[in-house]
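To keep things simple, chains are lettered A, B, C and D as they appear, and every chain counts its residues starting from 1.
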Amino acid sequence: MAQTVVQISGHIIDSLILPKVLDLIISLGAQFEILDIQIGHRRSDRSHARIKVEASSPDLLDVVLAKIREHGALPEQVEEESLQLEAALLDGVFPERFYATTNLETWVRLEQQWIPVESIEMDCGIRIDASARKAQCVPMHRVKKGDLVVVGQRGVKVVPLERQQPGAPFEFMASPVSTEQPKGLLIREIAESMQRVRRDNGRILVVAGPGLVHTGASKYLAELIENGYVQVLFAGNGLAVHDMESDLYGTSLGVYVDQKIRAAEGHEHHLWTINRIRKAGGIRQAVEQGLIRKGIFYSCVKNDVEFVLAGSIRDDGPLPDVITDTLQAQDIMREKARGVSFALMIATTLHAIATGNLLPASVKTVCVDINPAVVTKLTDRGTFQALGLVTDVEPFLRELCSDLDLNVVCSS
Amino acid sequence: MAQTVVQISGHIIDSLILPKVLDLIISLGAQFEILDIQIGHRRSDRSHARIKVEASSPDLLDVVLAKIREHGALPEQVEEESLQLEAALLDGVFPERFYATTNLETWVRLEQQWIPVESIEMDCGIRIDASARKAQCVPMHRVKKGDLVVVGQRGVKVVPLERQQPGAPFEFMASPVSTEQPKGLLIREIAESMQRVRRDNGRILVVAGPGLVHTGASKYLAELIENGYVQVLFAGNGLAVHDMESDLYGTSLGVYVDQKIRAAEGHEHHLWTINRIRKAGGIRQAVEQGLIRKGIFYSCVKNDVEFVLAGSIRDDGPLPDVITDTLQAQDIMREKARGVSFALMIATTLHAIATGNLLPASVKTVCVDINPAVVTKLTDRGTFQALGLVTDVEPFLRELCSDLDLNVVCSS
Amino acid sequence: MAQTVVQISGHIIDSLILPKVLDLIISLGAQFEILDIQIGHRRSDRSHARIKVEASSPDLLDVVLAKIREHGALPEQVEEESLQLEAALLDGVFPERFYATTNLETWVRLEQQWIPVESIEMDCGIRIDASARKAQCVPMHRVKKGDLVVVGQRGVKVVPLERQQPGAPFEFMASPVSTEQPKGLLIREIAESMQRVRRDNGRILVVAGPGLVHTGASKYLAELIENGYVQVLFAGNGLAVHDMESDLYGTSLGVYVDQKIRAAEGHEHHLWTINRIRKAGGIRQAVEQGLIRKGIFYSCVKNDVEFVLAGSIRDDGPLPDVITDTLQAQDIMREKARGVSFALMIATTLHAIATGNLLPASVKTVCVDINPAVVTKLTDRGTFQALGLVTDVEPFLRELCSDLDLNVVCSS
Amino acid sequence: MAQTVVQISGHIIDSLILPKVLDLIISLGAQFEILDIQIGHRRSDRSHARIKVEASSPDLLDVVLAKIREHGALPEQVEEESLQLEAALLDGVFPERFYATTNLETWVRLEQQWIPVESIEMDCGIRIDASARKAQCVPMHRVKKGDLVVVGQRGVKVVPLERQQPGAPFEFMASPVSTEQPKGLLIREIAESMQRVRRDNGRILVVAGPGLVHTGASKYLAELIENGYVQVLFAGNGLAVHDMESDLYGTSLGVYVDQKIRAAEGHEHHLWTINRIRKAGGIRQAVEQGLIRKGIFYSCVKNDVEFVLAGSIRDDGPLPDVITDTLQAQDIMREKARGVSFALMIATTLHAIATGNLLPASVKTVCVDINPAVVTKLTDRGTFQALGLVTDVEPFLRELCSDLDLNVVCSS
């Protein structure tokens, strides 16, 4: 067990610096103990904390210390640290493991004194002119052979940004929804959450939009249902019609989904599907009469998974199962949402927001859509616990099924 | 061989009606012969055409006739057709195969006379009041048991929309980039195009952005390279750095891509990678020295695939291979683009537009991005031959490799 | 009156070349007469047309001829045209009015012979090597002093792209929704359409979402109503609540809209507004009781503008005026949409699509949203006559009011 | 001066609850003093704080207390508070000022005991069944005449969500970029920042993309320059060419911007502009020779505002002023960015990210674009201090000029 003590001071609480440092320690796999803390009583007062960091190995400790340094948490013995310098061997090439700058105010400890790094800018190195007692931020292509460059973290400190006015837009910026993440990690975490919920006999709610069928992803949702990963399904007329159109005619909005051949454009299949289900009396009846023989709603009926189809003014038909009164639909959704501990919202805005309105904040909520605006809307409307994942629905569900070890036969 | 003759009249050329009809006939798998055509000489004159449609079966002919009817192409014997009516058996349920309306002006032939359908609206049925000689558009939920409803296409005609003012924004609307398509079909077509190009010894150009590495898709691009599906690669500093960072450190921008574990945030790996390649003298040298042992650029070097790395003002470093002068980079891209017959642009705006500028319109160009704006920009800037595909890059490349029968081992 | 005869041949009908040429002639302000046309009877046959172009001045004629040339329509006397050449006076500078290339296959007429331009690429010039009888596409920075460069359009012809397979994705690409247009022009056209409709006593339908109030744009919509530019308004619970919250509390979703000061976050005002209107018995009653004294719905009540509030499952409350049964709401919208000749849809997806479903294609429809996906969805769902405008709602309405000469006092 | 003491306990530091509460107090215009704080030393320990809140009036104090209650900060005397109840007067209508629920776990104090509110859900009321000692969350439409409903905040407490695992995606959700804000407030704050900077003789950097000209916004940027609100301008070839094309030909990419008339499509004006400026020797020379007589770059030259045009591989021409070497361009941008204290980035991705890389975190940075992805990318790439504003560029600049009291004559 390696350990060291760091200190941190400034407006570390309302500038979120202390929470961020504690968060980093834990998320890198180390532990902390707050040895000592003095909190400023008023806005103008500064706070100060001493924190013991413990890690399972000296290497991990080094990683943690390096990271939290970027937020101003410095080892107590920082005043005794000396800067490590190394000469550049070639023009335009830094020494190995050179210190890579951030865009925050930075100081280096040269001969027992802290001197500021001039012209700070992110992603550069620090060049030291020892005789002039100067430190300068220098881009890689400007370093010259023989220049002394800072290596490692010792003897370097950064001053984290503090917020001047709470609530001011300049100061409190959140990192928004990004499309450039390795999504596999998130999908695996979602799969694990779903497994955990089911192990504890918890209920999973899926809320899904019709895009799921157009993009050929319905077989994955059916598989989730068949394997007990869905206890209740909220959707609208569209999802159900497209799903059953796909079974009856092989198309979704007139496009042959599975054979990947484009049919003529046209809404007949769509409307004829609605008409046939109306004639049968409803979805359950259509399954029981053998009219519908596979798909999302077939699986729901066969596995006694509850579904609620809520009406909207853009519905065609609608199916007899659709609850056209929106207040009544809300009430039924409310009731069916009881006891849900995980909600997965896929490719739907209206139903996602409506469901988000009904769920307690303690329900883990994941919202998947190719359009970042949907996730934004959900959190804007108060469902702040929602995790957004901006990706295509079909590959998302495919990977989720695979992470859950479900075999989806793709022939269909 | 089934055949029939249709006729069509109006401003069928400048309202795009005739081209659309011919297009439909062919794309549904039938053939046409224009028997007779009179073209209006001036804008105010109407045109008239008689077209023979031939299909391999009566069923296909029926499908074709139904579709082109929606654009105003009617069988010559339409005046002799009689409307098929059937009574609704239940309230709120139409007869099977009821005629589904469009939102275009529609007429039905009742007792040798054409009468207009009142209150036309899409996705409804047509109810006939024979005694009053009236036809009315009726939504599914409003039909009553016993109502006479039009079934099939016979005796129905629609009047296609004609443009009043050419160039007016109201009239000439394009169907924009959609995210709700079954993408598998398009990806298969891309794969087939690439196979065809390679069979003819054509050259394939790939233009790629760094998002490809972040999302874990580089192994697929490497596989395309290894299997001869890439003859030349255009990219920037970012793609190459992320690709080699991934080999040297297992991370991309500080995130462990393949093991799907998040590392600490930080740019060191990124900058250290650049520095080490600068020290080695360049990418080829780094591969030859055994520093780089897999990845996109490793595969390029090993397979003698040419690559051009063009500089941009947002580059860190950059790598020694980057051509920092943009004019010089353009000239080299220009030269390497010669003889290319297929261009695949993935997750990049700047390089896609720059390359689009250099390619003749005859080069088939596919642009893949999760952001629809990229595709829009490309076509806005004149590369109108580009096909846009709005999807996530990783699943796109995974499916493309699978359609090309490449086995990508996902262990890495 | 200047005039000339052009000819055009190839698959000019199903490749959309002829319609495009006719469209250009008219939209540039000239006239055409088709003198002669032979249409290929089968797909493999080529067509041929001779078209007389008439313009009010030789200058305009020149502009028209230059433009349609780019689509392959060439003057009959093209075989007698001679290329105009001029020498570059400086390195890297073309002669004035040099011919700017497209990326289409291009030929030049040199000494009575057509020779192809090598290495064609858009936005370059054409350099002629007369002795070698060669023409080469050359970028601006590569031209050398003394090089002979093509000037003007004479003696140049391009070969328009023809589609090989109808319906194939590579061939039939639409230009999608763009955010980089001068929107003022479109807004003026919308204003003129609205004026024209009102002059003819036509009905204008506005469909609006709640974003309109958040962004401070409601005063403009109120002004349109006050001035007779709205005959019927379709919206949901949200718009009405935000509008009246703004009157009762000065906030919209807890944000002070007009004073531009952020209030505490919170939904009380929103919910209290609903509650008070429920207590009053409805919107009309709230206006008559003096509770609501300005805003969109105040103006509707005062000016006897009909409104339909359709329910959705995400509604809070809702207001007593909301029709919670979606089928009933559709039926009422259907009825109120009768006789509408212009529909303006602002910042709403659900209501826009629902309304689009109900309107005949002959109703001019404009859809305004900051999110391009909304417009895409509308046209995807069949409302192909819709014109999309991707912009912020508040400045759109402000400019529309100004183009309609309405004075909106911004004090409120 | 009104004041009271609140207390708060739990994982209030690493769950961000304490910072959030302090932030709310200040941003609502009140003051705090931390009287007492005990911080848990390890992750499993809970913390506890007592905070004195002071406000200028009892009303303001009430507002503040109400807001911070939602985050778990309760008055010390909360145990003595008694719930205020009022009976509903009508079915479906709550009493005035009813307590509006959040979706967090909620308790009410009934007869000296805290009891939980059942079926909690946001935006509802709380109904008390005193005899059964039950509290239930009830939607507005379900309340019945005579039901006892909680009014005001007294006797109610909520339990804020705590994070279970730091760094876990479910727990640490940021509020992303929203398009539904009243932007006027933000624009006014930007204007005030710019005025403050100029009052202190600070330097303002504008980074702009060509979309600014297409959308007709260049006159506003020129006005900012003329009035001393721009000290340095970073852009690319595109902005300068479009700006000068607009002066020379009245078009931007072939569209007549100011007269709002669409010209024929075509790139000649664009290329001819480049060619003429190349002939003149550069932008300054073109202004001095009287070739360029208005616009952004005319104003730069006339007012000695420095500009840097950095090259990119998608440039046509380029203009002689463009620095085609990207490393050299970076170095010059680096130098010119010294001393800048405010950066305004408009309608550009490449230049915004490149500039963001060069600026210290202390430079206030505002990024304006109609595409939310641009802002996301900027903060993803490390420029976390950037404030994003998702709006149309033209109205943004128009309003900014108006807030700065600049008169822009729109005739041009």
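Quick note on the criterion: contacts are C-beta pairs under 8 Å (C-beta built on N, C-alpha and C of every residue); 3 or more make two chains touch, one makes a residue touch a chain.
Quick caveat: nothing in here was measured; it's all calculated off a predicted structure.
Relative orientation of chain A and chain B, expressed as the C-alpha superposition rotation angle, is 180° to the nearest 5. Summarising the inter-chain layout, the chain whose CA centre lies farthest from the centre of chain C is A. Here the CA centre of chain A is 29 Å from the CA centre of chain B.
Rounded to whole angstrom units, the spacing between the C-alpha centres of chain B and chain C is 21.
For this pair, chain A with chain C, the centres built from the Cα atoms lie 36 Å apart. With touch defined as above, residues shared between interfaces to two or more other chains in chain A number as follows: 24, 122-123, 141, 167, 179-180, 262, 267, 316, 318, 327, 330, 357, 371, 373, 382. Against chain B, in their complex, chain D makes its touches with residues 167, 262, 267, 310-316, 318, 324-330, 333, 349-351, 353-354, 357, 371, 373, 382.
Interface of chain A with chain D (complex): residues 13-16, 18-19, 22-24, 26-27, 31-35, 37, 39-43, 49, 102-105, 119-123, 139, 141-142, 161, 165-170, 172-180, 186, 189, 193, 327, 330-331, 334, 338, 357-362, 364, 372-373, 375-376, 379-380, 382-388.
Across the interface of their complex, chain B is touched by residues 24, 28, 63, 66-67, 70, 89-90, 92-94, 96-98, 100, 122-123, 140-141, 179-185, 188, 211, 214-216, 252, 255, 257, 260-262, 264-268, 270-272, 274-276, 278-279, 316-318, 370-371, 390-392, 394-395, 398 of chain A.
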